[in-house]
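For reference, chains read A, B, C, D and E in written order, and residue numbers begin at 1 within each chain.
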Amino acid sequence: MPTLKIDNREINVPAGTKVIEAAERLGIMIPRFCFHPALGSVGACRVCAVAFTEGPVKGIQMSCMIDAQDGMVVSTTDAEAVDFRRHVIEFLMLNHPHDCPVCDEGGHCLLQDLTVAGGHGLRRYRGLKRTHINQDLGPLVQHEMNRCIQCYRCSRYYQEFTGYRDLGVMGIGSRVYFGRSAPGMLESPFAGNLIDICPTGVYTDKPSRYIGRRWDYQRQPSLCIHCSLGCNLTASARYRQVVRHEARPNLEVNGHFICDRGRYGYAYASIADRPRQAMAAGTPGPIVDILAGAREAIQQTVEKHGPGSVAVVVSPRSSLETLAVVKEACGQHGWTGPAAAHTNRQALNRNTAVSCLRPELAVSLAADTEAHDVLVIGADPLNEAPMLALSLRQVQRRGGHVIVIDPRGVQLPFDFDHWAVHPSAMGAILQALIQEIGGHRATAPDTPATFDITKLARRLNASPRPVVVCGTDILTPHEIALAGDLARALRRTHKVAGLFYTLAGANAFAAALLHDQPVSTEAVLDRIEDGGVRLLVAVEQDLWREFPDRKRLQAALKRLDHLVVLDYVDSPLNREAGHFIPTQPLYESGGHWINQEGRLQAASPVMAGGEPIEITGGSDHPPRVFDRRIPGDEPLAAWRAVAALAGEDEADPAPQLKTALADFHPAVNLSTPEATGQRIDLEAIAHDLVESGPAPEPAEDDAPADAVVLLLVDWTFGTEPLSAMAPALTRMEAAPVARLHPDEIARLGLAEGRPVTVSLNGNRLTVPVQADPRMAAGVMAVPRHHLLEWQVFGETRVIVKRSQLKAESE
Amino acid sequence: MNYLLGLIVLLIKIAVMLGGLLLVASYLVWLERKLLARLQIRLGPNRAGIFGLLQPIADAIKLLTKEEIVPTAADGFIFRLAPAVVAVTAMMMFAVVPLGPDIRLFGRSVPMVITDLNVGLLFVFALSSLGVYGVALGGWASNSKFALLGGIRGAAQMISYELALGLSLVPVVMLAGSFSLTAIVDAQSGVPFIVLQPVSFAIFVISAMAESKRIPFDLPEAENELGAGFHTEYSGMRFGLFFLGEYVHIQVLGALTAVFFLGGWHGPWLPPVVWLMLKIFIVALIMIWIRGTLPRLRYDQLMALGWKVLIPVSLINIVVTGAFIQFAGFS
Amino acid sequence: MTATYPQVLLKNRKPDRITTLSEYREAGGYEALRRVLTEMDRQEVKTRLADALLLGRGGAGFPAGIKVSTVAEDAPFPRYLVCNADEMEPGTFKDRVFLHAEPHMLIEGMALAAYSIRASHGIIFIRPEYESAAKILEREIGIARGEGLLGERILGSDYDFEIVVHRSGGRYICGEVTAQLNALQGRRPNPKQPPPYATDKGLWGLPTLANNVETLACIPHIVKNGAQWFKDLALTPEAAGTKLFCVSGKVNRPGCYELPLGIKLSEIIETCCGGMKDGATFKACLPGGASTGYLTADHYHIEMDFDSLKKARNRLGTGAVMVFDHHCCMVAATLNLTEFFARESCGWCTPCREGFPYLRDLLWRIENGQGEAGFIPMIKTMCRHLWKSYCAFAPGGVASIESLLMNFEDEVMAHIEGKGCPFKK
Amino acid sequence: MSENKIKTDEKPLKPAESSGWSALKALVEGFATTAKHLARKPVTESYPEFKRQLPERSRARIVLTRDPDGRERCVACYLCSAVCPVSCISMQSAEQPDGRRYARWFRINFGRCIYCGLCEEACPTSAIQLTPDFENIQRDILTLVFEKKDLLVDGCGKDPSYNFYEHAGVTTDERGKGEHANEAPPVNVKSNLP
Amino acid sequence: MLPEKLKSELTAQIARVDHPREMAIDVINALQDHYGYFSDEALAQAADLLGMSPLELDELATFYTFIYREPVGKHVIHVCDSLICWMEGDENLVAHLCDRLGIQMGGTTADGLFTLLPVCCIGYCDRAPAILVDRQVHGPLTIDALDRLIDTLRENHS
């Protein structure tokens, strides 16, 4: 713990801390451009020069390059250092264009700040300004090379940090150029972070280009709800429109970055067809009347058919507040539900994962990067939870190793081992691994010789810090429980083994805490079909878009007496519903979410809500009608609407919310502010929530030889329903295709590039075929793409016989 | 019957007096603005009627019709009460000012004063001290820092100058031998006290101007420091009452100066009331002139003047007057 | 003329061809290697190098013996030896002359150096302009391998050593050792500030020893003849060995001469190079390539070795003596050098990347009559700040500018006051 | 530090000047001065009857000027709205097809404006300017909300030659990279030149 | 397209080394020799051969003097413009060359024979002024000698 003196103030820092960081701890902000906490120091920009007056290092030195050592005396205000820094700024400004007024970085530009702070105001250089031709880097990132100050942050971030290799630095000397070899879309789904990381306006946010200045934005800490990782971000809104997301550093979760899905997925909150009008059977009306009507319908149903005839489905994306109020309402009134998963398997998967996640095993996303070896089972990080891939990249950068066991053609931006095994073999492999780790010789499961389980077990056993990452989408509950057993087995020999599940839905963890016995929409539909349920309340759950069997859903809804929909996205169900109540997305309601590791996090409301001025004004100036009411401000926070449906028409449902949150689950404690940002009490979750005993696999194991397992899978862009509404991301989406191993295509008599029609349960789905040599044999992966009517199979993992596949001739 | 008649006469007197006061006050505003403008080579009000003569009426209408705002944080009752205190005390002071010798009406002797109190002078003092409550409470009740500062300044200033004011009149009382204003006027039927007591006169005028918060003693208002001081938060007719109070106060001041030092209604040729009016008018003119000429004192200068100059000088003056009366046998 | 000085590296130099392997062996070549492999141990080679006070001939003058011993005994394998033949310092061509004369001396030197650190891979990093030298080296390496002097089990010992020739794409910065290592790894040749040092974590994170051609070529002689012999070669007591001086510019016989360290500058110009051209008078010279400062007539008799020049606040650098006569405009010469540095800056750090174009602009203005007196303090401050850049490139680059302002301020002022170059009129 | 002392014009008073007599004299002089003014003709000019030509830099109604080539100068950089102490300026920036940034709408609420001129000072493109035209009184306060069409004028106003895009280095339909004032031709990173 | 022979040769060379990256410059040089310059096509092929991304190769290719990312003539004339050659009058040579070939520095003659490029010191200061034609050095040069050189090169092609 070296002690040094900076500007006459003493500080004690851990060994290996750079002087610039030590100064930061004292609140002294030494200027920097190339230095970034996530990227480390390279000493390129030279603007962090300080004077070392005494100690092991002397003279003017770069504070980012020097480790704090005992006895150092540092002056950040030394005349020579200040003059040098001023000159560095002058050097950087020689060629910087005079375009701050039209630069989107203006107002939060590090170069602007340091130019003013450094005292460079007068241009002495009389030469010409260097210019550069810009590149089109795709729909997300705007490029303006003239502004570049050559700090090398972008190329270092892009190549070293994310592992993508299509953006870098070319040329030499003062003519270096940061960009791609040829203009084109950036390949990395983390490219948006270039915008945050660039200290000036070379990379700016394209979707929010020319929208406004940061000082005008309403900015609040928010969360990403486009996957279960719960990345922290700062949301900006202007004129009642969410216009921008930026990564909010949280060193325990997402570090300094977020993925592009999270960064650009916000458009659903402000698009023109977002429903803002309460409706009764498609006819708009005042929201109080509609709420009263819905409440009356519920009361009538309860009176006629009993309380169990009312069922509630809720989304695992909804806030903890909504889940809590829904749970309270169901509990109090004896309604069926709430269901917060589509199929029974999904519900069971989620609850199994949550119950397996013991406090001593759970690791955070950031802690993942500390791992030495990561075993990824049944997860496709880049597609399901992109930031996990970035985290794994850091594992690899630090010399760690990543092994992925997954039937899909998993791709990651670094070298890793991929065992493309058939889904049915996963359980056997896991069991064998557990045995091997326990020191027992396992009976080798039926897998190719390249997948050497003994070697892998040895490797994991020898690893000082292994982590098991497990997906919950394509696996079975049994396999998910096995992943937990594997982590426990590793922990027996190692003190710091970790377990990391990805879940479906931003608040899936909280959804798992709704019941001991999970209820799924599938089960609710069963009840509807047998006449037990007569009224359905869908809370922020767009069944039409997300339930995996649309035909069955529609038939079931027809049997209902009444449908009440509460949602903030447009859906045909909204108009079919007996009562539709518009709700607020998290930017308006705020709320709490529990991410997949059990971390409770809060999002603040960013704005009051209402129709964006751009829409109200028809993209012209705002209307010249001046009124106290904001047009389109009807939507309510979902928990308020639910409280109104369930409660006694109280004016203020806040006390109701308070009791609902307090009763939600013993593990979740919202009473102290410190609890937010921390992991909830995993110990308080019933360990035997789901039995994890060795359940033999049914159907799939005895799958006929001429069948494939069809998996509905996620893609980085295009499958997550909310982000799929973002116009900025549509160009990033690949067209939906079914991916199979080339041999499989041949075996099934299909042709690459040609469509195939899958017929199952009387439903059909036609989708082009794409060969992917990374896929496991016997598997077909179809994305839940918004351009594809994939809602046909009733399950996300089904067995398709060869006879049920038909090659189409275009 | 007699009693009733007296009441009627009293009411008439009050009505006439109040009417006159208010009318004069409003035109005093006009006069001040006009005169001040000329002192500063400007035109002054000139749009409402010829020479802007209708300006006071326009102002009155404006003030009466304006929205009255009570700040949310203000103490509503006191806030509403304060302007009335200022205006009422100023007007009540006129109750003891004699406008002339008694006249005979319907065979009765009607004094040209609403009530000739034998402690008239004390009454005047009492009321003028009471007036400061309006300022201090208004400033406090506004719950605004400027107003509060103005109110405190007003109170402090009033306390400081009340002393000098009182002491300056002791020689007058000594000379007149009475607290009744009528008696004081009568005592000056020969020589007005200004001749006998120039020092007292000077102290009285200065202190009285400070009492009425006029330039150069307008620290409680001090536009450029405190916005408008104690009445920053006031609007509409409540503000108007403060305003009215000030101008009534000017008249009171003029009247008291006339009564105490200028011989009241005494004067040749003209009727007594006219004389008195003339004297009040002259005092008012001089005050306007002062306003148009002198800058505002600094707060420490204000205090120094009051405590270090006026009070000692008036004390000395009392001693000198007393000695003079004692030894010169003057009565 | 050259005969009057002891010749070591260029003793067998032929005017038009290289010394062949057989000729080299006849003259005692590969004797040192044989003795080392059979008789001496590694430590003794290291000791002799350290005792000989052999200073790096590539420009920095870092003691080669110390560098060799910084490769830790327990460092991982394989270890690399890099021979820097990327001689891009303007005015320097000694390696070219040497490689076209004595390729085997280098090969032997590399084998010896590699042996001392137990390196198995030798890489000669050569600039693209020396394509002919690269071809010669490749050919001669093949011949040496055929003779068992390279490759597996050299001269029957259990020592393996292989040399490959790596052609650069051509950039001055590649001469900087860390940049060179980056270049060898197929990365952008930006310098990399130590730590880690190359001898610790160099090529592919493994220990790497990098030396100049001339330095490596001295090793066989030191090993063979001993440290004292090497030290005695020099004329001044602090210096050791001979040095290849490349003399160019306004002298009658420009060329590369092997001369003892400590020889007087005047002697080089007058005795070796036949004096100044056309009876011109000596005005200044750069003693060691473009990244050293000017030596004026005051220093005409200075002893050319590392220490003496250091005392004169200059550097011996690569020993490339560039001579200017009284017709030469020093501002224009410095502008040319600055142009070179502006062009060759790798673009990594700010002061160097932006400072040199700025300085070039100011010097260009002075040279072309747009100068102002205010430029001089600006240039001085900027030069001072360029010393704080990332690698040694910028301090070298501003050496000429700083010495221009120190020694020829009158000439600069004449440009400014006369609104143009007095030499052009 | 002594050189940092605030300089004032205040001269130390001589003893004679600080005496009571001189104070009295000053008092009398003051009263005499104002008294003399009574007799002077007022300097006031009656406004609607007499309209004085105001200096160019007097601050009243705000306009948006145009470039010398007739294009809108405003690039909607939001500096004026940021600096406005009463928040009376609002706008929405957007991109024109030619790459220029412009104000899709621009609104000044003159009901709020205090004509302080800070917006003009902040404007980097000389677009927003205050004019001497102060006769901007409306009976309906909502008519004091000016939109862009009400604000835009023809002409350059006070800075007749300035054209922001000439200096910004931004590609527009008129000029590309390296074609503006004081710009070197764009760097060709693939050039063979060293 | 890349001839199969060259391709297999390069593949073999790359296979011999531990890290394909270290062969980057050699592969670039080989492809440049084949195509005349390091074209985008060559870039893509080199990237394929080396398992690098085109950008990673471009990062290198644009760094070095002797890698031509733009088309060049049959003969690339590099004129040394560093100190000694400048002192010996390279400016006259350049002016003459530009005049004679009708191109500017960096340009290529219309017949595609010559490309004129400046180069920093090529290490032939004892033979200044010197130029490099197809990596062959010529110097010390006079204008006459230069003319003869150009003529010879021209004749060789006609």
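Definition applied: a contact is a pair of C-beta atoms (placed from the backbone, for glycine too) under 8 Å apart; a residue touches a chain by one contact, two chains touch by 3 or more.
Just so you know, these numbers come straight off a predicted model, no measurement behind them.
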item: Co-neighbours of subunit D and subunit C - touch as defined; value: A, E
item: Minimal step count in the chain contact network, subunit A to subunit C; value: 1
item: Maximum centroid distance from subunit D, chain identifier (CA atoms); value: C
item: Result of counting contacting C-beta pairs for D-E and A-D, higher pair; value: A-D
item: Middle chain, criterion being Cα centroid separation; value: A
item: CA centroid of subunit C to CA centroid of subunit E, Å; value: 25
item: CA centroid of subunit A to CA centroid of subunit E, Å; value: 50
item: Subunit B and subunit E: spacing of chain centres that average the CA atoms, whole Å; value: 103
item: Centre-of-Cα separation between subunit C and subunit B, whole angstrom; value: 101
item: Where subunit C touches two or more other chains, by residue; value: 171, 188, 343-344, 346
item: Numbers and ranges of subunit A residues touching at least 2 other chains; value: 127, 169-172, 175-177
item: Sites on subunit C touched by subunit A in the complex; value: 171, 188, 193, 342-351, 353-358, 361, 365, 378, 381-382, 385, 388-390
item: Complex contact set, residues of subunit B against subunit D; value: 37-43, 46, 289-290, 292-294
item: Interfacial residue positions of subunit D with respect to subunit A in the complex; value: 75-79, 81-82, 92-95, 100-101, 104-107, 124-125, 142, 145, 147-148, 164, 167-171, 177-178, 182-187, 189-190
item: In the complex, subunit E residues that touch subunit C; value: 18-26, 28-29, 50, 52, 59-61, 63-67, 81-84, 86-87, 119-126, 128, 132, 135, 137
item: Interfacial residue positions of subunit E with respect to subunit A in the complex; value: 40, 43, 52-59, 62-63
